[in-house]
């Protein structure tokens, strides 16, 4: 039943997301127990223009 | 003031979302009290390639 | 796989939460499809002093 | 380390989001302490057809 | 209808939360528009032992 | 800047949470890139009586 939610900058490939889901699930089960089947991972891609750090949009801090 | 948040696979129609908002609101008020006016429902459509279960992307488990 | 998350004022009984989980799950399946088994409902009780509306803490707006 | 998350109707400009990130960060630091550098703000634009209030989709309540 | 959610280390007083709700609401309305009455702010206090940064629990990084 | 959020049943020890934060951070960086320093992990312990699966409270499905 555990739910893992990831917010990260947009731009990762499906291959990276596939590895992320697999490795976060393994990490969870290894550290906290339970079975992989019960683990949900939900990924949210966030645009740099929707994410601020230190009072500044990351699209301004790190222009492409 | 209650806030209900729904994450589900992308693909439901506006008609389904309309019914979902109505029926979740009714269910909330019936079970927990309060008035419908105060209930917020926020729906998030999630791509299968952003949702992993059992360590696998759902886009791999259930290809379209 | 759908995940329903509810934030509401603290104070509901286990009986109310039991009904809430059952009725939100039924409402979801009725409106959006899927099977009840796959539906997760996570409830968060929020203190009135942790919830503001209109710029005011609800513990100030609605003292017990 | 504080994380501020904003859900609002879609449609604000980058200029408004830039001001929002700056002003929410300042408001946080002024009221709760800490340094601006540690504050994260994540904005989620929500379609009116994904947000219900009082049991009705906001796309029905407030058509464009 | 906008919803602002704040996660921060446990330990702020009710006075600080009162100021936080007021000032975040003002900041939102000033930068993004709308009316204060429609703004919800939900605060979550997080224990340092439930928050990791850089792979370490903050209760280890910043012991009381 | 990535934020990882974990919801799981209450009951894990600080040692398990310490391992969880370390291993999820490593898993993230290995699969998606970035540096460990930027990764935040926020853990939420959920009571079985606040979590429903298949329309039933987990405190009813799995009594202690």
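As written, the chains take the letters A, B, C, D, E and F, and residue 1 is the first residue of each chain.
Everything that follows uses one rule, which is that a residue touches a chain if its C-beta (ideal position, glycine included) is under 8 Å from a C-beta of that chain, and two chains touch if they have at least 3 such contacts.
Fair warning: this is a prediction, and the values are worked out from it, not measured in the lab.
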item: Starting at chain B, fewest touch steps before arriving at chain F; value: 2
item: Given chain A and chain D, the chains that contact each of them; value: B, F
item: Cα-superposition angle relating the copies chain C and chain B, to nearest 5°; value: 180
item: Remotest chain, chain F as reference, centres from CA atoms; value: D
item: Pair joined by more contacting C-beta pairs (A-B or A-F); value: A-F
item: Farthest-lying chain, centroid of Cα atoms versus that of chain C; value: A
item: Duplicate of the A-D contact set - from B-C, B-E or B-D, the pair where over half of the pairs recur; value: B-D
item: Centroid spacing, where centroids are CA-atom means, of chain C and chain F in whole angstrom; value: 20
item: Intercentroid distance (Cα basis), chain F paired with chain D, Å; value: 25
item: Contacts with two or more other chains, residues of chain A listed in rising order; value: 1, 3, 7, 17, 20, 22, 24, 26, 40, 42, 51, 53
item: Chain contact topology (line, ring, star, complete or other); value: other
item: Touching pairs among all chains present in the structure; value: A-B, A-C, A-D, A-F, B-C, B-D, B-E, C-E, C-F, D-E, D-F, E-F
item: Contact set on chain F toward chain E in their complex; value: 14, 17-18, 20-22, 24-26, 36-45
item: Contact footprint of chain F on chain E as seen in their complex; value: 7, 46, 49-57, 59-60
item: Footprint of chain B on chain C - complex, ascending; value: 1-9, 12, 16-17, 19-20, 22-24, 26-28, 30-34, 51, 53, 58
item: In the complex with chain E, residue positions of chain B that touch it; value: 1, 3, 40, 42
